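Labels run A, B, C and D following the written order; every chain starts at residue 1.
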Amino acid sequence: MNAPERLFLTDVQSRPDDRNVAIDQVGVRGLRLPVQVLARDGVQSTVAQCEATVALPPQAKGTHMSRFVEILEASDTPLSARSLPHLLERMLERLGARAGRLDFAFPFFIRKLAPVTGVPSLLDYSARMAVASSDAGAVVTLAITAPVTSLCPCSKEISAYGAHNQRSHVTLDVELRPRAKLTLETLAAIGESAASCEVYGLLKRPDEKFVTERAYDNPKFVEDLVRDLALALDARAAVRRYRVEVENFESIHNHSAYARIERVKA
Amino acid sequence: MNAPERLFLTDVQSRPDDRNVAIDQVGVRGLRLPVQVLARDGVQSTVAQCEATVALPPQAKGTHMSRFVEILEASDTPLSARSLPHLLERMLERLGARAGRLDFAFPFFIRKLAPVTGVPSLLDYSARMAVASSDAGAVVTLAITAPVTSLCPCSKEISAYGAHNQRSHVTLDVELRPRAKLTLETLAAIGESAASCEVYGLLKRPDEKFVTERAYDNPKFVEDLVRDLALALDARAAVRRYRVEVENFESIHNHSAYARIERVKA
Amino acid sequence: MNAPERLFLTDVQSRPDDRNVAIDQVGVRGLRLPVQVLARDGVQSTVAQCEATVALPPQAKGTHMSRFVEILEASDTPLSARSLPHLLERMLERLGARAGRLDFAFPFFIRKLAPVTGVPSLLDYSARMAVASSDAGAVVTLAITAPVTSLCPCSKEISAYGAHNQRSHVTLDVELRPRAKLTLETLAAIGESAASCEVYGLLKRPDEKFVTERAYDNPKFVEDLVRDLALALDARAAVRRYRVEVENFESIHNHSAYARIERVKA
Amino acid sequence: MNAPERLFLTDVQSRPDDRNVAIDQVGVRGLRLPVQVLARDGVQSTVAQCEATVALPPQAKGTHMSRFVEILEASDTPLSARSLPHLLERMLERLGARAGRLDFAFPFFIRKLAPVTGVPSLLDYSARMAVASSDAGAVVTLAITAPVTSLCPCSKEISAYGAHNQRSHVTLDVELRPRAKLTLETLAAIGESAASCEVYGLLKRPDEKFVTERAYDNPKFVEDLVRDLALALDARAAVRRYRVEVENFESIHNHSAYARIERVKA
């Protein structure tokens, strides 16, 4: 397209707005992109669902949707607690905005060793990295949902043998203090250590014997898990605010047992 | 809008088409509607995702989308293996079609009694009723996915105590012979009887002791479940074709064990 | 099971806990139940995903999961802003808890008339009713997601003809003032009035002409929708806090344009 | 674990079964793994949901679940129509099975150029590659769901101005002839060429003008799309069997228009 034609394409979004209503967040959502994430053992390739938004002052009619996509596509730095504030800064500059937010949700993989045979395999977690403007600067949030095993203490105690157990989802969503370091791997390990037993991608028979007995030796209510998670995050100086959630997909019901604790630390 | 104006609204879909391509199915999908379903204890109100389609001959340009919605909304007969062929017939007439298909997917509820205390509660199943034209007349398909408990025989055998167990989904998808009778409740019961144990909405402690021990006494591989389901449906004269699937949401992994058998009977 | 045996089934959850961690929410989630909802034209039968939780003080080891299910199943009063606080009260009493929360998410249906022909049809909305304890008593939240049409003002202005349009989701999530009245139907109407055009289950050709031209005459950015919604809720005395969200499933992209405003009123 | 202990862990799955029921498919499902896919411009990193199953003869009690995971994790060859049969062969050998199936579903990305400005951006597709045993050897299936724009011919014709349009999903699921070549990029291009207009990740204003007018100039019913897709696949010698589906997420309704054609070629 040549320049003169371009001149005729009015930029409707740049007109003033007279409703006097500020918008908290406006931008793009549900944008699926390949991303790289900084992991303990190097850079990991995965696929993220991205949301990128800015605050819009009352007088501005609209934002520039295509610029969000440009910035997200142009970025080639692996996602990390350190890189996200820079990416947010570039986005705010390009959009001419004073506040904004970036959110990436993606599957994250950790290589684990089977507990007895040591056979390696990958386990998939659902992770999220986000950064948002605040009065005190950019605030980074990390979150991970780890699949684990929970075994019911009540079922174990009242039954002559056996105990119902099931897959559970442990979610840790933490806001980091400025420049604090915390990895997704550490969050996953915290989540798994609170469970009756960890889960693995690949288990040989001796491993299966181990995890079966380990879970039976270590029964936990949903309340126990969420409390142990809260204590573990209370002890982490890097964490300023947290939300822990546990959902047990009960093997004896078709609904979940669920618990949640949210805290802002001093 | 007055009548003359109406005359000018061309019916584009009624024009001829010169590509000479018949369409197997065309219609509406993802239409969410309140429906009534004929259950053992009376009529049950639920909400269905509906799909309604007809076959379109090569020379017809298009079908009439709004008529599908009209027919589905106008129907006030509870869904059942008996009523579905009539509904299909009305739809084919209204659409001027020779073949078609109706599909309703909905949560279905069965009141169950806890195994020891007898406390009643509802359990939710995912059900489906469909009817399709065939050379031999209308063919009705019933399907149900029942949540159950599965307990791993290998884990039980190799472990000093305990055994991993988990929620599983048992799906029975059956094509009925003409005028044959089979209820969703019967299908659910077949599915549950193959499992290590049934699940319930509400269990008191004596019930929890029972289901824990029952599952431990009755370990089943995914292969065992699917085979027992196949044998059970082989024995049902009402069933002409079936597909059984079992998915165990393994409590020691983050993936499922899965098995499937599909048969057309003589 | 006879009474003596019952005595031996220890109530593990009732033991004291020494971790000194209060739990914000613990209970059941993902419980699917048939429910009745009080609608403008009477009582509506639908199916809800239910979450019911209580706060647990530091010294209590666990809650009683089965009681949540008992209470939800026993309730036969249609859900409404008026009935929910009573249901919460009963739950807190039964659980011996001081604070708690109930949340019901369900498809909700409104009969609408096509804009020209007046043909009636149902439209499905995703709705939510929740009630939570607060220092000032029970607080009720209503939410609805209405499907609507949005037509892009920029596309209309820069193009010689046509304009891209798409299905959008308008979500209004409002906290009611004590004893204030607001219906899901009113919320839906507010949401729809902000859009380029409403959507319908059933449209005849004259209606299709109307909605096509109506949307073209009434282009709206995602920013316009969210601002108009905010102004509409600012004007509603019944509303103490609101969150409005609009997501346009852009027909020219594979991602959404998204905007959000959240306000607490004085 | 030392060898003697290993000897005591009975291999329950290897015992004989006396039910005399063959299992069509048994294995793992819902296994999420990072994978590499052979794309036109090189190897693409993405994340797949994997299903791997074998047929089990009547006399065998069970399969070896952990071996499926081993094989999937050990594979480092990028997925392609050429590599999949080899992977299946290795799996069958390792499992001692005569027939089996591998299925990978993953987001797939194609770099596209905006139609006027030429600005590049990625578009995400939902893709699937599968391979299954058959009497005639391994059969490879490729599938892609491409997001596109559809514009309603009826709405355009009856309206004084404008026309409703929306995002649609075009799915092409094709079985390749032995050693035939067909890329996901070609399938995507076939899907997009049938639509009223393609969609893009990033469009500048001149591009938005172009796609708006292009869709208006090129109205298509769901019937038109599915027929044009069928003709396009009829003309591809590489394709032995195909299923094409189109779902229009109607911008004037809350349900979809849907069409489907399935053909086995001579």
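Quick notes on this structure:
Rule of thumb we're sticking to: a contact is a pair of C-beta atoms (placed from the backbone, for glycine too) under 8 Å apart; a residue touches a chain by one contact, two chains touch by 3 or more.
The structure presented is a predicted model; accordingly, all values stated were derived computationally and were not measured.
Between the chain pairs A-D and A-B, more C-beta pairs are in contact across A-B.
The interface formed by A-C recurs in B-D: of the pairs listed in B-C, B-D or C-D, only this one shares over half of its residue-numbered contact pairs with it. Distances between chain centres, each the mean of the C-alpha atoms, put B farthest from chain A. Centres computed as Cα averages put chain B at a distance of 24 Å from chain D. Mean C-alpha position of chain A lies 28 Å from that of chain D. Note: centroid distance chain A to chain B, computed from Cα atoms, is 35 Å. Contact of a single residue of chain A with at least two other chains is seen at positions 9, 11, 31-32, 69, 124, 154, 158, 201, 203, 205, 209, 254-255. If you sketch which chains touch which, every chain touches every other chain without exception. Interface residues of chain D, counted against chain C in their complex, comprise 123-124, 147, 149, 151-152, 154-155, 158-167, 197, 199-201, 203, 205, 208-209, 211-213, 215-216, 249-255. The touching residues of chain D, when paired with chain A in their complex, are 1, 5-6, 9, 11, 31-34, 44-47, 66, 69-70, 73, 107, 109, 116-117, 121-122, 124, 201-206, 209. Of all the residues in chain C, the ones that touch chain A in their complex are 9-13, 17, 19, 21-32, 51, 53, 56, 61-63, 65, 69, 153-154, 157-158, 221-223, 226-228, 230-231, 247, 254-262.
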